[in-house]
Amino acid sequence: MNVKRLMVSASGEDTFLKKLLSNKAAIAGLVILLSLVVIALLASFLSPYAPTALVAEPYLPPSYSHPFGTDGLGRDIFSQMIHGTALSLEIGFVSAAGITILGTTVGIISGYFGSYVDEALMRIVDVLLVIPSIAFMIFVAVILGPGLESVLIVIIVFGWPPMARMIRSQTLTLREREFVESAVVSGAPKWYILGSMIFPNVISLIIANGILAVIYGVIADASLAFLGLASTKNYSWGTVLYNAQNEGAVFHGGIAWILAPGIFIALTGIAITLIARAIDDITDPRYSAVGR
Amino acid sequence: MKAKLLAAALVALFIVSGLTVAVGNTRAATAQTLTVGIVNPGPIETLNPFYPGGQSATANSQLLGVMYLSLLSQDPNGTVVPQLAQSWTVNSNASVFTFTLRQNLKWSDGQPLTANDVVFTFNAFIHNALLDSFNGFIVGPLIKNVSASVNNTEVQFTLYHSFSPFLEYAGLGKVIVPAHIWSHVSNMTNFSNAGNPVGDGPFVVTNWVPGSSVINYKPNPYYYGPAPKIGGIAVQILSSTSNIASLLQTGSLALAQPATNQISALTGVSHMHLAFSPGNAIFGTYFDPAGLLMFDDMLYPYNITQVRQAIAYAINRTQIVQLGLNGYGTPGSQGQLPNSLTQWIPNNLPNYTFDPAHARQMLLGLGFKNGTNGFLTFPNGTAWTPKILDTGGANSNVVSVMVQNLQSAGIDASESVVTIGSLVSALEYGTFDMVLLTTSRPPIPDFVLGVFALNTTTPIGQQELNYHGWTRWTNSTLWNDLQQARQVGTFSAQYQLYADAQNILATQVPLITLYYGNSIWAYSNASIQGWSPATQGYQFPQATLLTSLSGGATSAAPDYTYVYIGVGIVVAAVVAVAAVALMRRRQR
Amino acid sequence: MEDEALLELRNATVTFESRNRRINALDNVSIRIGREDRLAVVGESGAGKTTLVRCLIGLTRPSNGSVIFKGRDIHRSGRKTLKEFRMSVQIIFQDPYGAMNPKHNMLQYITMPLKFLTGDMTRMEMETRAEELLGYVGLKEDVLWKYPHQLSGGQKQRVAIGRALASDPEFIIADEPTSMLDASAAAGILNLLKKLADTRKMGYAIVTHNMGVAAYSSRDIYVMYSGKVIEQTETAALVSSPRHPYSKVLLDHAPRTLSSVFAENSKGVNLKGDSGEHDPWAEKGCRYMQLCTRAVERCASEFPPLAGNESGRYACFNPLENELKRGQ
Amino acid sequence: MRISGKYLIRRSIYAVLTFFIALVMIFIIPRLVAVNPVDILAASQQFPPSVTKQLIIQFGLNQPVYVQFALYLKNVLLTFPPNLGYSYEYYPTSTYQLIATALPWTLFLVGSSVAVSALVGTFVGLYAGYRRGSMLDRTITYSSMTLRALPYFWVAILFQILFAVVFRIFPVAGAYSILDTSPAFSPEWTLDVAYHSMLPMITLVVSTAPVYAIIMRNNVADLVREDFMNVAESKGLKKQRILISYALRNGILPVISIIAVNFGYVVGGALLVEIVFGYPGIGTLLFNAILGHDYPVIEGIFYILAITVILANYFADLIYSLVDPRIRYT
Amino acid sequence: MEISNLSVKFPSLKGEVTAVDGISLSIDQGKVLGLAGESGCGKTTTGLTLLRMIRPPGVVEGDIEFAGRNLLSLSDEELRRFRWKEVSMIFQGAMNSLNPVKMVGSQIADSIMDHTKKTRLEALKMSAELIRRVRLPPDSIHKYPHQLSGGQKQRIVIAMAIALQPKLIIADEPTTALDVVSQERILDLLKDIVSGGSSTVLFISHDLSVLAKMCDTIAIMYLGKIVEMGSTRDVLASPAHPYTSALIDSNITIESMNSTVESIKGYPPVPINLPTNCRFSDRCPFATQECFDSEPPQVDLKNGHVAFCYHPRKENGR
């Protein structure tokens, strides 16, 4: 009987991954993202120099040994980009994880339990949504001082509300659906309803939004770095771009220096949007995560 | 019908504005105006010379230096020369200072400039310390009495105590304002000086509105010196240096101070020229920034003089200038005084040339050990990992070089970027290893060395509010030297005392001066001819320079072609939509 | 309807807020359900049928009044009573698709009550029991491994009945069980319910807007209008001689037989006014009055109480007294 | 009037509440760091200790925190113009004065670019959504997605290099150029301001219009599946009527609320763009305040931004409720 | 209107879905034709095809002749002019057929303006007249859809459908979502409008009693095919196809209370890759081998009553 069930489920419902892999856009997105992740994971092997080491003359143009040239102190920009990939993706994924966990928890709890819990949580969400997030992020980062932790904290604190709101509205809809009520009349306890009825039905929304949160984190970090609010010791794409702008890259022919971080960010963004969009297409098109 | 009217109105507006611009362009083209870019982070809110609120000290001195003069000035070599005062005398114990004004001085409104104005200005300082506090030094409390002579050409200052640097502090650092205007100002601290302020410099501001980002100057017909050769100055306030090279390249500006990393872009352009001061600061107009590495001088191991000396050997100040400042600066001297004060610097000061091996040897000699990771450890074997605090930005580059230097000497240093709050707190409570500070220091030995003129100190962990006390390092000999130097009026006596002080500082190394920055002006010789910095001065607002510049040029006339195209497209779209709407309406 | 009722709704009122006014979706409704009753509740949309069902099954707590199960108020007693109540009284929802979690297969769906109500069964036992249940509702066991989208509406509704049967209930409440189904599938579901009631000594209540469905499946009937029960009697009696004018309108508009439709021509509408808006939630008086052809003066000022005898009760000041006889 | 008084009151209460919470955050967050602001002021301005002590008393920093909070509330709420403290760098210029000079520029930039990008985005999205699945739709959708993933400031840098330095079409930086006339609302000056605002505005439009385009496209693509859209088509209505009267009128409603929600985001983006173009708005002020560690200015900026964005959201909600006939708030 | 051999197919992942499978129909001027069948049998698709509202990837094959023109070969602009002017439709969900953000009056006026040369004012006047005709209060013209009840919205939709006096009106389940009473009223209204005899109506419903009331002729569809067609009385009183009689038998009415209603056994298959045989064969109690093997022939009964079956029964009953 278990064999039979496996066969049915293999061909029946659990084809999410299969569907995702049969989607051209999703494949393209996954390939880009995976290559970036591989670069990030192998950063120490791939980068020829330490990102902070003064290895050559300052402001060298791109060459074979320095594909993106060197910066104002003679540090290798290519190595900085490689290490930047690692840090940017780390920030992206960690903040996305934080946003997803916080957003999902608050969203589901708020949507399912309703009444005062909902009211209280949604007021917080409203406040955080209305407050100009980039601006407040800057504010908090200024106060906390530059550093990886403070960057992550501000990104997560200001990033979760839209997610919570979306999950909440989905949960609200689900809560009113008859299948939840049929579980209630079947005597199902709350944990079962939350875990087995609500959660599986918001999971695709969570994934789509969670993956979009990665690019949110990357861009937020880049914005903070661009204002000099990220630690200059650790290179992220934003830091490289900040340096490029600050050290007058354009006046030293450092076009590659300016283009590289932006293109990497854009690639991440495109990859992630493609994946999220594919997930949207595959699952319920009514709750469009991409359109937020 | 409404739509038609609207369309017609838009077309009319378009044509009218086009004509206006055409007229405006011709006007801009005929005016002989020098366009100058001056960097100020915020909008210019006041042109009050005593109260720089609204702009940075730099911008303030540059903007006001054009229109206000002080009693004395400095020539390009830093020698004190006459300005409003044609001569001065100091009594033997440096407590009475007498300035004799030039004849027939006039304010830009034609009113005579007399000793009364000087007395009025300094009395204001005596009564209001805040007016006096700009530039970080205060003369008011020193003055017992200031009075004008009967013929209104001499001013006599009587001080409470002997204080020889008063000549520079009062003569170079404080501008004089017209008493006939300012005596009617109820609150001199909040006076924004808008409109057409009255000044005495070669140029005066016209029709100035607080907050505007363009300030226009016209020649002052009553200026005592030679009449300017250029028709006027238009200053554009730039929020940062980042766009300066582009603005100079595109001809939007004729004169500005680019960031050091932009200079290479300008040197490639044939008509661009550079004028930069070799670490030569001019009092009252501009302060070259200096980079200082400060130790927590009471904390082990930095309380050991040899450790500080070893660190001084381990830092490559030439490289810092090369990489951190793109080569535009001067490596710091261990005697603390900038190169421009050559006359005060003795030639037998100990020098710490970059020698990492020697530094390592010194430390090993002190009992430090070679650690397993190649870095030195404390004699007891624990790791020594000093942190160099800074607040990020351009300072980071300097620290990066330093970290690299120190590591090559076996010191496992690293950078720690903190907020200004944390930095100040670390300094106040003495909880740090090393700190990179940038500071501006007027070129007066008393001011530079005065930082160390303390004879008390606060223990580590207790709050020290006087920022001068942050070094927590004291030396009674040095303190005595400086106190004496303030009482003697002769150069030779002062020289001896200052030389002794510098010797103490160079030997004890309470802090390391890493570099003196240059102030660099880039200009286009399409607009400016005949600037020879060595004789005319290195700085834009210096009166001698302003009056000798010729070929005062025009700003490039703005090209509105694309505005026209944009507005044209919009208008065409509106007209088309309106026409379609009208036609359809008629159809029905 | 005798001594002890299985389930009783006492003076239940449910209030909603909508468009700036408070509406009693259920207004002081009392219903007694006996063990093997076969009830129908008839009314148009907005009559409060679904609210009634939700009250009866304990999903909505009435703002006034109580739900009594075997003498105990289910909202005031403990967990044990609630569990017993859930085991004894089950529901079939209107929309079989909506009632199933799209991520669960039929086995997961049908065994929910076994997991949480009957308790202590191994997976194997549950599967066996699920297959047995499918047998009751006339489905093959391979349905167990299917997901909702792989089944037709009729099949799903049968599985839904299977789930309701899982805890061996004494009574099933069906909320419009046939409205989403084709006539043929609907007939199958109703037949199944009747058969189950016969074989398992079980009662049911069908809530529907379709007079035919009600007549076909019930012995006793409640007619609702605007949140109120306006007539309650035996089904046969209502069909032959409705007392409340609204009951008659409902009956008149339902086809009696298929051939009767084209036999008679358009009957015309026995209602006052045609399309003008009327407010079914009037605060005062009989809510049906605005449409009623038999309204008397009193109707405007007070709502007629539900009165009558054992054989039937109605809420009308000017009832139809055997004026229209439709014998069998 | 479709807005009920009750809704108005409730919405207003929420706005005030939100504002108050923002206020509390602005007060508390800097105080989490144990450094006395006057010390930093003294360090920046190189005041002697006597002046420092005087300032501590003047700023009320020797008072307990709740008194400071009351003082703060009094200063920002009950004083006009609000007393947002003094800039450290430009002491004693008031923060309010600095912001008052900079804010109009930012509002001009953000306002005009939001208007243009909403207009452009809406129409592009409308057309793409209506022709969903077509080559055009895919081109628009994917290019919008790409553009949206680009950081504002990066686009700004590229545009500046390309259009101001290489091709010299637009000015490099600033809000207006050096002219003989002083700033005033002369036609000449106005045109000059428009000229200088174009490149920052185009940057903002390029970065924000895709957001609206994608939302509109998705809305319309969903709408096209709606019955009434099919009905409209089967009614043989003219295409422009279907587009404008049916697709646009329904699809634009969510965009209005998105404009409000995104307003804060665009303001944030505008700050970064301003920095690149040296535009004398809030962003530049903020950037330099950050560089100069000028906390009162930073706090003041967030205070003003919070007010602006909260008000914008408040009015957008009200407008939304007026525009959408279906919504009747209670 | 002549429909011959009309097929509508939709590609899907699992194969081609045949929604309509080679049906031929003719609708006579001034008559009401009913189209009956279970959900998913292709009734609505047939209706939409007549307005050419099948969008790609749906494929329409066959011929639709309307007043001498082939509907399938019209250009875009011709099609636009054709729609509503010639054929209009009353859609299934009146709730969703109206633009929620437009006043209903101007929605009616829209279709008038886009097909005639009338100004907005004239069109609105006409709308008011139409609204009076569907017996709604005159102020309804200024209302938004959400301010109207279901029945009132359905009336607006009807007013819209008759605005241009089209030759053919397709009514697709116009009363399904309504209460019994509103349902009755709408049917009466429709009957009034149709009784003038000027317009032809294709009435689509799964409810036989509604069709019985409205239609002159009835066609029964099963899985994309017409299985029986004839005058309403002939088809309902003496069904020839076993499916028709099963449908009639499973119809629950009040009179059913004393008898047992029989449901059709089994469930209709999904119309993917159907074999060419009698579609009903696997659910038919009378099926023989030939039913499983090949498509049944057309059997002509009296008065144009036709059935497609190997075992047609002339009498109702078993």
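By letter and in written order, the chains are A, B, C, D and E; residue numbering begins at 1 in each of them.
We take it that a contact is a pair of C-beta atoms (placed from the backbone, for glycine too) under 8 Å apart; a residue touches a chain by one contact, two chains touch by 3 or more.
Nothing here was measured: the structure is a model prediction, and the numbers come from that model.
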* Common contacts of subunit A and subunit B? -> D
* Ranked by contacting C-beta pairs, which pair of chains comes out on top? -> B-D
* To do: Taking the mean of all protein CA atoms as the centre, name the chain whose own CA mean is closest to it.
  => D
* Between subunit A and subunit D, what is the gap in Å from one C-alpha centre to the other? -> 23
* Mind checking the centre-to-centre distance between subunit B and subunit E? Centres are C-alpha means, answer in whole Å. => 86
* To do: Mind checking the centre-to-centre distance between subunit C and subunit D? Centres are C-alpha means, answer in whole Å.
  => 55
* Distance from the mean Cα position of subunit E to that of subunit C, given in whole angstrom -> 31
* Asked: Counting only residues that touch at least 2 other chains, which ones in subunit C make the list?
  -> none
* Could you list the positions in subunit A whose residues touch two or more of the other chains? => 142-144, 228, 245, 250
* Asked: Which positions in subunit E touch two or more other chains at once?
  -> none
* Flag every residue of subunit B that touches subunit A in the complex, lowest number first. => 242, 245, 259, 261-262, 264-265, 323-324, 326, 392-394, 396-397, 400-401, 404, 414-415, 417-419, 421-422
* For the subunit E and subunit C complex, residues of the former touching the latter -> 38-39, 134-137, 149-152, 155, 179-181, 183-185, 188, 191, 206-209, 212-213, 232-233, 236-237, 246-248, 250-258, 260-264, 267-268
* To do: Would you mind writing out the residues of subunit E in touch with subunit D in their complex?
  => 51, 53, 79-85, 88-89, 91-93, 96-102, 110-111, 114-115, 144, 146, 160
* Structure fact -> Listed in rising order, the residues of subunit C that touch subunit E in the complex are 44-45, 152-155, 182-188, 190-191, 209-213, 215-216, 235-236, 239, 249-251, 253-262, 266, 268-269, 271, 274-277, 328
* Structure fact -> Given the complex, residues on subunit C that touch subunit A span 57-59, 83, 86-87, 90-91, 93-95, 98-105, 107, 109, 112-113, 115-117, 127, 145-147, 150, 160, 163, 166-167
